[in-house]
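Each of the two complexes below includes chain A, the first together with chain B, the second together with chain C.
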Partner chain A sequence: MSAAAKNIATEPQAQPGPFDGWLRGTGDDIDAVAGGLSWLARERTDALARVRGQGAPTAKTEGWRYTGLRSLIEQDFRPVDEPLTAVVADDLEDVLVPGLDAHRIVLVNGRYAPELCVTDDLPKGVRVGGLRETLAQDPDALEDLLTRIAGEGSHVFASLNTAGMDDGLVMLLERGAVVERPIEVIHLSVGMDEPRVAQPRHLVRLGDGAQAELIERYVSLGESLYCTNSVLEIALGRDAILKHRRLQSESPNAFHITGLYLRQGENSRYHGVNIGLGGAWARTDLIMRFAGEHAECDLVGLYLAGDKQLIDYHMDVRHALPNCSSRETFKGIVHGKGKAVFDGLVYVAQDAQKTDAAMSNRNLILSDSAEVDTKPQLEIYADDVKCSHGTTVGQIEPEMLFYLRSRGISAPIARRMLCLGFAGEIIDALGNQALQDYVAEQVGQRLEQAPI
Partner chain B sequence: MSATPEDAVREAGQYDDLVKSEYEHGFVTEIESDTLPPGLDEDVIRAISQRKGEPEFMLEWRLSAYRKWLEMPTPKWASVHYPPIDFQSISYFSAPKKKEGPKSLDEVDPLLLETYEKLGIPIEEQKALAGVAVDAVFDSVSVATTFREKLAEVGVIFCSISEAMQEHPELIKKYIGSVVPATDNFYAGLNSAVFTDGTFVYVPKNTRCPMELSTYFRINTANTGQFERTLIVADEGSYVSYLEGCTAPQRDENQLHAAVVELIALDDAEIKYSTVQNWYPGDEEGRGGIYNFVTKRGDCRGARSKISWTQVETGSAITWKYPSCILRGDDSVGEFYSVAVTKGRQQADTGTKMIHLGKRTSSTIVSKGISAQHGQQSYRGLVRIAGKAEGARNHTQCDSLLIGDKCAANTFPYIEVKNPSAKMEHEATTSKISDDQLFYCRSRGLSEEDAVSMIVNGFCKEVFNELPMEFAVEAQKLLSISLEGAVG
Partner chain C sequence: MLSVKGLKANVGEKEILQGLDLEVGPGEVHAIMGPNGSGKSTFAHVLSGREGYEVTDGSVTFDGADLLELEPEERARIGLFLAFQYPVELPGVNNTYFLKAALNAIRKSRGEEELDAVSFMRLMKERLKILHLDDSLLKRPVNFGFSGGEKKRNEIFQMAMLEPKLAILDETDSGLDIDALRIVADGVNALRSPERSMLVVTHYQRLLDYIQPDYVHVLAKGRIIRSGGKELALELEEKGYGWIVGEEAA
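Moving on to the complex of A and B:
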């Protein structure tokens, strides 16, 4: 039993912060989970100190300039305490992607739910499980992964997650393991009688030369109100290839925070597609680091912010080594009173010669009260590099709409067609027909329903 | 670039010589100065105001600015690094001694004229050369003003701001601080409290200013901060082009320069403001250069008005400036064209703000940054399209050219759009002079230096095209001199 971990629960709080409630009772939790791992207890104590020291970001904090936290703080979330066992396989029917052939892993309110998973025919060398059980059975497998990639994280929510993590997904691929079929991870959230926050921590490691396709989907049952504050730590070994698709389409009352921390080994490839269809308030941080040369990181994204929704994507790509390349291609459609924030930073250190980095962010605004704030940044300290960024904000050309309408297509359908044309490039990048159809349908529906 | 290691060594040696080429305009003219002792309090401000014989309202304005300034924090957000400035060690007033106001050049201290000649700005010749009227500011007091009569004929007021306060207090009272309020930022607040002189231009309705107006700023007495204030008002339907150029003598101590420039364009008016800045950048280690913390802002108050900023920034140890346009009037236009060069240990954090408030407003931003040796450069820009700015349009292009592997080029654009009919484009690139380009030029018999100069000039052409003719030539020359020794 670690004394440090115990302190998390018992130590009197120096100054009450807006997120203190998120951590209530976690000290006992982690003792149950970590079984007295001193390194983990230390990380969590430090994280707690950071949470108390930093307090909540304000509008003056550069990373939160356009993203207000008031609505999040007002909810006064409490942690999810008991695993929810009431969900049965039938409940999943509504959220499944028709025709998607994949291994399936399910987490309910941040807790690994083995009874809902379909993982029987996973090939050898692939290990999938919950964070809680893996820490109890084989903590050594995670010692170089858990908190090692995210470090202190980029803001207070990463620290909150470290201090308050209760469970999560662990997916470890041994050297050379290749998974042919995609692995689908369903993060299902179910509202409780009072606003709850889940803080899952997910860990993914691909050994040297391993290959996999990971489809993560954040979904909810009904219009529940909840918050998910998740952190993903991904380590790619030498020559590993990970295709990572993240679909976030949650209840209109959901709050969502994700910090994705990636470390790429030499000559590895990461191809990530982020589709953000929202919830009430969503913030995603993608933090990419290269640990070996000749690695490639390709980030593609589409976000759709409708009425009173806020969608915020932050990207931080740091080239510290030579010969790596990174691409960020994000597109956004904003309608109603929606608000979208894009903040991308490409940093090229002095030694990172021959870096090839390109960032593009294009936005369509469909209504008078929508707002787009975009901030693509380059910080370059090496000379032999190819770096560029571009960003546009515009509306659908009236001529295009007129053309379609003059051919007898109603305005909502015409608008849907044009928007899907705009978004098509990103949807195609999903590279899986069932998934593409599913996303196109969802995007199309949302646009058709939106008031003009 | 080098074929063999021996070549590399040889080339390095060759460039060393060039790198050491000294700042051309480095010298101090010894003129007796009427200088206040260092330090800043309300008495100093009263003394400045009294010496300048200002009307009462100006003193009140200065004092209120000073009181607010005391409460303001020093800005920390720019990516520039410098030791904290001791505002009490600066002398806030320094006037070259004079008996009476000079009526013509003959009465001007010959030493001053000599300084201008050393800089290659022969005032006599300029008088003869058509087109340019010079209100030369030597330190803080205007000592030579030319072409006043000619301008007066068409009703254009072009004088030092101190004179304007005495002769046209109603205009000053109406416009000063209306674009850059005293509380705007730390350095603007300081300037409002202690500014000693500057330029005032008023162009009356439906008047096209018959010549390009020009002021050469000079920093002279050691330990003197220079706080210039420029106010240009273009009344309805008028046009004026204003040139600002600077050089400074070499010295050891860092010198703070916190100027404020306010432009106001009423209906259908156009103001074109061009700057060539070549202040002392410091030695190889960055010691002793000028700190250039400037607030420049233009207000397109009237419909169909236009404000255009063009700048060529090669000097100063630290440049911190964002010439901005507030596009308030419907159909108003804002432009920003910039070339900035940083080498040695120079740091520049520069860019612009385009605030679209009126309908169908449009803005263009072209920023070219060249960074060599240990130069640090950031483009920081804001394009804000407000909810009512129907049909607003912006195009932004910022390109960076890196020469050497120890320099840096950063781009921090902020884009905020709240109107669906807006069209906003932003693009940025960073690259170096490619070996292919160099090889092509050299295979045609150009030396590497010439080839680089040619490529760099091509890179900046879009901006140079916006400069008035005389300035464009000067700017090209300046760029070549600045980059001498920086290549390799």
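Moving on to the complex of A and C:
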């Protein structure tokens, strides 16, 4: 442990911390928000103590070397507490995916908005609601799940979320429940007059053998400035299958932090596709844990960072048990003065024999001032495993560009075609045609409008 | 149609084209032959606007336009087409989508309506039939994983779709076995018309057995040193390039 880390761990900070404002008022009514649940109150009190003790990560903190926090801290965010009745169904029209056939759940500024949801057709065995109402009405349903999957989390933002959680989505599938149509969750953010932070906490549990496809989309109304610091906890029972698509396409002024914590039961399958289009500043941590053997975890991703954008994906996949497999396949396109960070760690413990793990990160850089920091890491302590990793950073081949131009296609369109070609396998992995078309269009538009 | 006068071009410090003159009329097929390093491919590349060549002197007029002033895509839009010696693989770019984008970009620049999906498919089917090609290559990424023959066939298919006024075939025969060569040549012949000129750049006389040229030019040291009818190609085949290049030097 370094000297700096020791200090942080042993000496509580006397001065005000950089994130005190995020939790304004939280310390006073922790018990009230915890609904009188002693286990939750204790988790939140502990989290609050961690926040006060840890302070903000610095450039020397592991995992934050390339991801500066200054712009985030400078905003001096306050918790969002304005009422959200002003948002009506018509406001959603602009952010919908054309042709997407799905059950729809909507959260506005981190709060569950039942009046905007379309969930009448959900099959039996599926329960969907807000965290706040679930804590009030049926807190037992959350015990051993809420905060237990994430634990302390990987950094201060997880602790902030635990201390400050206010509402969020709860989705519980009973054993054997199968949802055939996708469930779309729209996380809509609306800017306020002052910079606001929402800290929603989401919980998804699939019972043994349950199956679902979850499409999460983070979107904004207009060019709002705000911050979302969300934590999503997912537990998959034995043989459960979750297809999870996460599309983050927010206002150019948005700050976004997500910590996704996954716990997979035996022989379960998780297939996640992450599409990161922005935002001003976005950090996503995917923390995957196996709780049973023969589970498969497949993480696919595409990020597109342009001028004044930072997109950061951190992955932490830990194989503690034998016979599981994990795949990380991420591609990035960075242009203008954009910056992207990819940090993937796959840890294979001594007992995790027959682990099958592969990680790949390929990047396309379109300008001299764009930056990619990529760091795939394998730590292997078992001796009978199949593991690989690879990373590339390249540019558009002039030959390819010339070939397209020689057929009458203008340079900007040719660049768009080549980038979409590069991103194609990731977009295809979304599986759903309406979603694929939507993402291809969004990526294409951003590339065409952006300065190269 | 195409008028090249005193064209000089460098690659880096080296002068490759050293004063090239050529006149191509509508509907004519010209073969450019020459030994390796004579400047054949450079000539094709300069005409199509590829980067990496510096034109130091001379002019190229195509259909009244100053060709050298135009971007590669503008050259394509006024009717120039280069069939590549080494067609480029474009992973992830669907062949049909690519062709539709190309055709519609060209149509749009001419003030014509863009083709909708149905008319485009119909046109593709029709052109495939003319060239005796099957449609499996349409669903694949452009040239990606194609065999050498498939790549060359795809070039000719693009030519059939884009209907250029001048097609430059840059060593289209290189790397093809005789069967593949015949298929490609049949395709080219099917596309001959009184409005379409062709510049067939080749090292071997063999291709000209299948694509009969109206004129044959011999390129050496960056200049055309001899022009004639198709019998010139036969003479070259028989005697090699040595005699003619030597004669020139003497």
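List of remarks:
Going forward, the second predicted complex is superposed on the first by the 429 of 452 C-alpha atoms of A that agree within 3 Å, B and C clash if a C-alpha of one lies under 4 Å from a C-alpha of the other, contacts with A are read in each partner's own complex, and residues count from 1 in each chain.
Operating definition for what follows: contacts are C-beta pairs under 8 Å (C-beta built on N, C-alpha and C of every residue); 3 or more make two chains touch, one makes a residue touch a chain.
These numbers were taken from a predicted model, which means no experiment stands behind them.
Steric overlap between chain B and chain C is absent once the structures are superposed on chain A; the two fit side by side. In the superposed model, A:D193 lies in contact with neither chain B nor chain C. More residues of chain A are touched by B (comparison of chain B with chain C).
Touch criterion not met for A:E82: it reaches neither chain B nor chain C.
In the superposed model, A:D90 lies in contact with neither chain B nor chain C. Contact with chain C, but none with chain B, is seen for A:L418 once the two complexes are overlaid on the shared chain. Once the two complexes are overlaid on the shared chain, A:E180 sits clear of chain B and of chain C alike. When both complexes are overlaid on chain A, the residue A:G394 reaches chain B alone and has no touch with chain C. In the overlay built on the shared chain, the residue A:I380 is in contact with chain B alone; chain C does not reach it. After superposing the two complexes on chain A, the shortest C-alpha to C-alpha distance between chain B and chain C comes to 16 Å.
Within the complex formed with chain B, the chain A residues making contact are 62, 66, 350, 353, 363, 365-395.
In the complex of the two chains, the chain A residues touching chain C come out as 397-400, 402-411, 413-414, 417-418, 420-425.
Those residues of chain B lying in contact with chain A across their complex are 77, 385, 387, 400, 402-432. Chain C contributes residues 48-51, 71-73, 75-77, 81-82, 84, 87-88, 90-93, 97-98, 101-103, 105-106, 109, 141, 158, 162 to its touches with chain A in the complex.
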